[in-house]
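Paired with subunit B in one complex and with subunit C in the other, subunit A is shared by the two complexes that follow.
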Partner chain A sequence: MDAYLIAIGTIAGIYLLLALGLNLQFGLTGLINFGHVGFFCVGAYTSAILSTKGVPIPLSLAAAAALAMLAAWPLGIISIRLREDYFAIVTLGFSEVVRLVVTSEGWLTNGVQGIAGIPRIFRAGGGEAQAVLMLGLTLAFCLISIVAMMRIVRSPFGRMIEAIRDNEEAVRSLGKEPARFKMQVLLLGSMLAGISGALYAHYIGYISPDQFIPFVTFQVWMAIIMGGVGRISGTIAGVLILMFFLEGSRFLRDVAPFIPEVSMASIRLGVIGLALILFTIYRPQGLMGDFTKR
Partner chain B sequence: MTSFVELLLSGITSGLIIGLAGLSVTLVFGIARFSNAATGDTMTLGAYGALMGTSLTGSLLAGGLIGLVAGALSAILAYLLVFRPLQNRSPISSLLASIGVAFFIRAVLGLVFGHDQMVFQMDLVRPFRLLGVRIQPNDLKFAGVAILTLALVFVVLHLTPIGRRMRAVADNPLLARVSGIAPRAVMFTLWAIAGAVAAVAGILLGMKTVVSPESGWDMLLPAFAAAVLGGIGHPVGAVLAGVIIGVAQELATPFVGFTYKIAISFLVLLLVLLVRPRGLFGKIEGVR
Partner chain C sequence: MKLTRRQTLASLGLAAGAGLLPRLALSQDAGIFRIGALNPVTGAGGPYGTGMQKMILAAAEMVNAAGGAGGRKFEVFAEDTQTQPQAAVLAAKKLIDVNKVQAILGTWSSGVSLAVIPLTNEAGIPLFHCSGAPALSVAPANGKKLGYRFQATNDRFGRAFAEIAKKEGFKRPATMAFNNASGIGNTEGFTRAWTAMGGEVVASVVYEPAQPSYRAELQKILDAKPDVIVTGSYLADTTIILREWFQTGEEIKWIIPAWAANSELVKALGPDVVEGIISVDSISNEGSPAFAAYDAAYQKAIGKSGLGNVYAAMAWDMVIVLALAMEAAGPGADVAAINAKMREVANPDGTKVSNFAEGKAALKNGKINYEGASSILDFDEFGDVTPDFAASFIRKGEIKREYQVKL
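Up next, the complex of A and B:
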């Protein structure tokens, strides 16, 4: 298999895990998580720090998932009962503070220089075999998550969270407490983000604070909105569009090398911003969404 | 003791800047009813507008006014193109679109002006001492401009007919509508004021520190924290809360270090939401 396609597939899988978590939170439950990258960052740094200190990788992966959930828990306690945009602001602030912490606590995270030499998950065999195994592992995590999502959607729990999204007051009047379900959804989504971050750290091998900017969060937002909020097929389609866009902008640099990298970063930012605006106004149901609803 | 007073004074100045940004957030929230995440980048736009204006006209004052107009125009434009089409949908749509507006503004600024930090060419003024306390004359000027801006906004809100209409819409949009208040003029005035106030905050921040495409976005968290602490939708509250946050940031700096300044506003935000989600002056309804 082409090494390039394997690399793209792995990155797409990592984004897909992020997007599935956000789709569960926003698409199904209506939680406005603007700090998804914060949980991704917690997962990446946890697994990177532990594994460079010699902890076996399966354990460090589990720790990444657990710590991401642990970080989400107090945020949920404080803000999940409040109005939805308060939750958005709190999570956005959380992700910024996480970035501040990994930037300034150099004794733990090596500060702005970042952590290099993060061990790969598969060390046996040649480079290509390792890459294929990594792709397989990432896609396996995606597959498990997708199957879990599909079961959640059809379960009583799934009907409950969709009811919370559609009308929280009605749910409350039926004697159910929305906060409990929202908290569970928040934790599940954070767990996916934590695992995704850990896979990212081991795959790239080098992490630094500037990889965990809010822009990442909103790339994922754009993916799920483009694809179709609340639909798993839409999430997958959205991630593919996002990858196409990110890789396409890399190729554009190869074709037009006179565009400096900082300008390219600005162009990416502008395109994502414009897409967020246009989709929210003209196609809030996304490309794959229900055509009859708005 | 004197260093405490110096930190306090510096905190009041940066707090007034945060308060201006928080005022912009809270005005939009009170009348257009969503949290505007583009506030920070409107600040940046104002600062770049003022930089350009200053180099064109050679005067800081004229440059500042140009920046202010640029901020107001960009806010009106964002209203016309983005927020008006969304006004009958959930506030979440507008919040999400405002992130898009923020990114778009920052992208354009980054493309036009590059990513290097820029500074305002200001005369270096020697600080003077009053009772042993070192006072930066520039800080006094910034505080003066901030207070003047605040005074102007409150004059518009409380002493003019359009201000009365704005407050009526903030209080009860339906009642305002049936009383014959046309929403159009109110919304245009709101966005002009919100954009101009954000621009002034951005210009003052740029004069106090540096201007870069990211500088406004970094102020978003303190601005939101000020709006929430003051009681969202409450203008006086936002300004007071901004000053409280600014002072808290400066006083905490010797203990937690310079980098954790923004974390202080996050802490304030969490504490307010935990203890008193409606803020200092907020109404009880509509928070939970």
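Up next, the complex of A and C:
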């Protein structure tokens, strides 16, 4: 049981990093990023390729974060001045471009065959000790990001990006240039996605292009919408709810043994869908939603 | 209103937690051997996963009815991989850590098997899969020799395509592959086998999925004037490609894997377009008594002929081979001892048997050789099997099998 909970915790931590980045971009700044998985993918592949070539893992992790930011930068220049819905389309396109590049450049990424045998971050000790260390590392990254987010929210920078979200024209009339702030937010969020991707690659040990489909982005969106957009507590709650439904439903059969094994999988998807609908109807602000604004 | 919702959530959580208790209590029973059925019930493998899972359950029930294997009865824990590596990893962790399974059976796509096999290796338990990727044969994936492949490798599929192309007398083949591991694996396997026979492939393209038109790719192939086009494709893209080819009016033959060249394709395009297409599939060990037993179980569980789901036949064999290996290893044997018996009960030089009860009886008088429902099921040093293949021709809208190909 322990090892399974540790596995869930690790995956939840990886999703939490993704969700924190997206919450910074959408929840706080109002950037509709439909291409979050693109940066996740860049991070995963960077760290996987470097570490299988013998680069020490701390370096490959740093490279993953840096490269994800680097990938976001030109995208930002092109699209940050666009209105938000255009930005959404550009980012969605970007994530598909990343996936296609990774699929096609077989000399670097092994194409559709994917990269197998990605080294684990902690090699010493048995399976159990490794898993605990991995969980610890993931949660440490989450904790650092959460503390950083909380500081950002309280800082002048945080008030600025929230102002951009609420009324961009007003910000401009005060003599501030929103584009610069949006770029910084985009880079920060992408960095988190890059780290998250690197952790994912080392944790799963095998990556292929079909793991980086837009569905991953939308899972993260589901999490922050259920939890409460623009709230850090909401992001955490959202990821936990998502994991609870995805994994908890595996145990549904233990309470309802009359459901045949084969129907279980379909019921699980149904339960998640139903939960999303109920949230939208009864709690559109999300579980931890901010009721003071809008 | 709010309170009610919270209460509902809380009770749901409690219920899920409480549900764990009976399962954990069960894990102390000694006469039980737990296996995990980890199948693609949803996602791309959806058409096969349900049948696979039902066959694992049916075969386990049959083994239990015959008195169990090595004095133990099977208990099956079923999970869905969603045909996604990440979901499969969590499901496998749950099977290994919560349900304490001692073997995982029936992972389907290569991505899933490659992601799950490090976990089964770590736990020291076997993984029986039906994935095509060559990487699953060797270290690191199969470094511990605990992985067994019940499906032909993509490479063997390619070799079967080449044998058929040679037999049909083609001289100038070209290839078109859907851009994923399986599509490219087929055409690369073909190219390797064909060039090894001294032939030449005149053109090849790899195309992206989900395009509305493949005219550009097709034109590139047609410009090289091939006499046959070998594909590694799926139904949706094959439909579009063939329609666009037919409009060009060029006289060309096609060799297409059977999961794309099936009755759905004939229905979508009409008999004129698909006339003469050669459809290739690995075939179950049809006509064998093991297949008859599987087919009867499949009819009973699904209500359709077992011919339509080769992977379900593999899943059926997985349980029976495992049971025979357990029986051969004797009561109370650990997983390593059972693993050591796998080839002994499946490979030649023993009494041929076709079901568990028969094998159990024959094991008392020496070695046995299980001839499975999915193939004759002889594992090579990598744990791979070599099924037979069949070439079927589409004539007047009917798909007719004309001959078998043995590699």
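The criterion applied here is as follows: the second predicted complex is superposed on the first by the 252 of 294 C-alpha atoms of A that agree within 3 Å, B and C clash if a C-alpha of one lies under 4 Å from a C-alpha of the other, contacts with A are read in each partner's own complex, and residues count from 1 in each chain.
Basically, a residue touches a chain if its C-beta (ideal position, glycine included) is under 8 Å from a C-beta of that chain, and two chains touch if they have at least 3 such contacts.
In this text the structure is predicted, and so the values were computed from the model without any measurement.
Trainee: Could you tell me if A:32 is touching subunit B, subunit C, both of them or neither one (first, second, both, neither)?
Mentor: A:32 sits against subunit B, while subunit C stays out of touch.
Trainee: Just checking: does A:206 make contact with subunit B only, subunit C only, both, or neither of them? Give me first, second, both or neither.
Mentor: second
Trainee: Considering only the touch criterion stated at the top, classify A:169 as touching first (subunit B), second (subunit C), both, or neither.
Mentor: Touch partners of A:169: none, neither subunit B nor subunit C.
Trainee: Just subunit B (first), just subunit C (second), both, or neither: which does A:103 touch?
Mentor: both
Trainee: Can A:284 be said to touch subunit B (first), subunit C (second), both, or neither?
Mentor: In the superposition, A:284 contacts subunit B only.
Trainee: Just checking: does A:269 make contact with subunit B only, subunit C only, both, or neither of them? Give me first, second, both or neither.
Mentor: both
Trainee: I'd like to know which partner A:85 touches here: subunit B for first, subunit C for second, both or neither.
Mentor: It touches subunit B, and subunit C stays clear.
Trainee: Return first, second, both or neither, reflecting whether A:7 touches subunit B, subunit C, both chains, or no partner chain.
Mentor: A:7: touches subunit C, not subunit B.
Trainee: Touching subunit B and also subunit C: which subunit A residues?
Mentor: In subunit A, residues 100, 103-104, 262, 265-266, 268-269 are touched by subunit B and also by subunit C.
Trainee: Spell out the part of subunit B that touches subunit A in their complex, as residue ranges.
Mentor: Contact set of subunit B toward subunit A: 34-35, 37, 82, 85-86, 89, 91-93, 95-97, 99-108, 110-111, 114-115, 213, 217, 220-221, 224-225, 228, 257, 259-260, 262-263, 265-266, 269-270, 273-274, 277, 286-288.
Trainee: Note which residues of subunit A are touching subunit C in the complex, please.
Mentor: Touching subunit C: residues 1-4, 7-8, 11, 100, 103-104, 111-114, 116-117, 127, 200, 204-206, 208, 210-211, 244, 246-248, 250-255, 261-262, 264-266, 268-269, 282 of subunit A.
Trainee: Under the touch definition given earlier, write down the residues of subunit C that touch subunit A in their complex.
Mentor: 5, 13, 15-16, 18-20, 22-24, 37, 41-42, 49-50, 53-54, 57, 76, 78-80, 82, 84-87, 89-91, 93-94, 96-98, 111, 114-115, 118, 122-123, 133, 135, 140-141, 179-181, 183-184, 208
Trainee: Which of the residues in subunit A end up touching subunit B in this complex?
Mentor: 32, 34, 78-79, 81-86, 88-90, 92-94, 96-97, 100-101, 103-104, 214-215, 218, 221, 225, 262-263, 265-277, 280-281, 284
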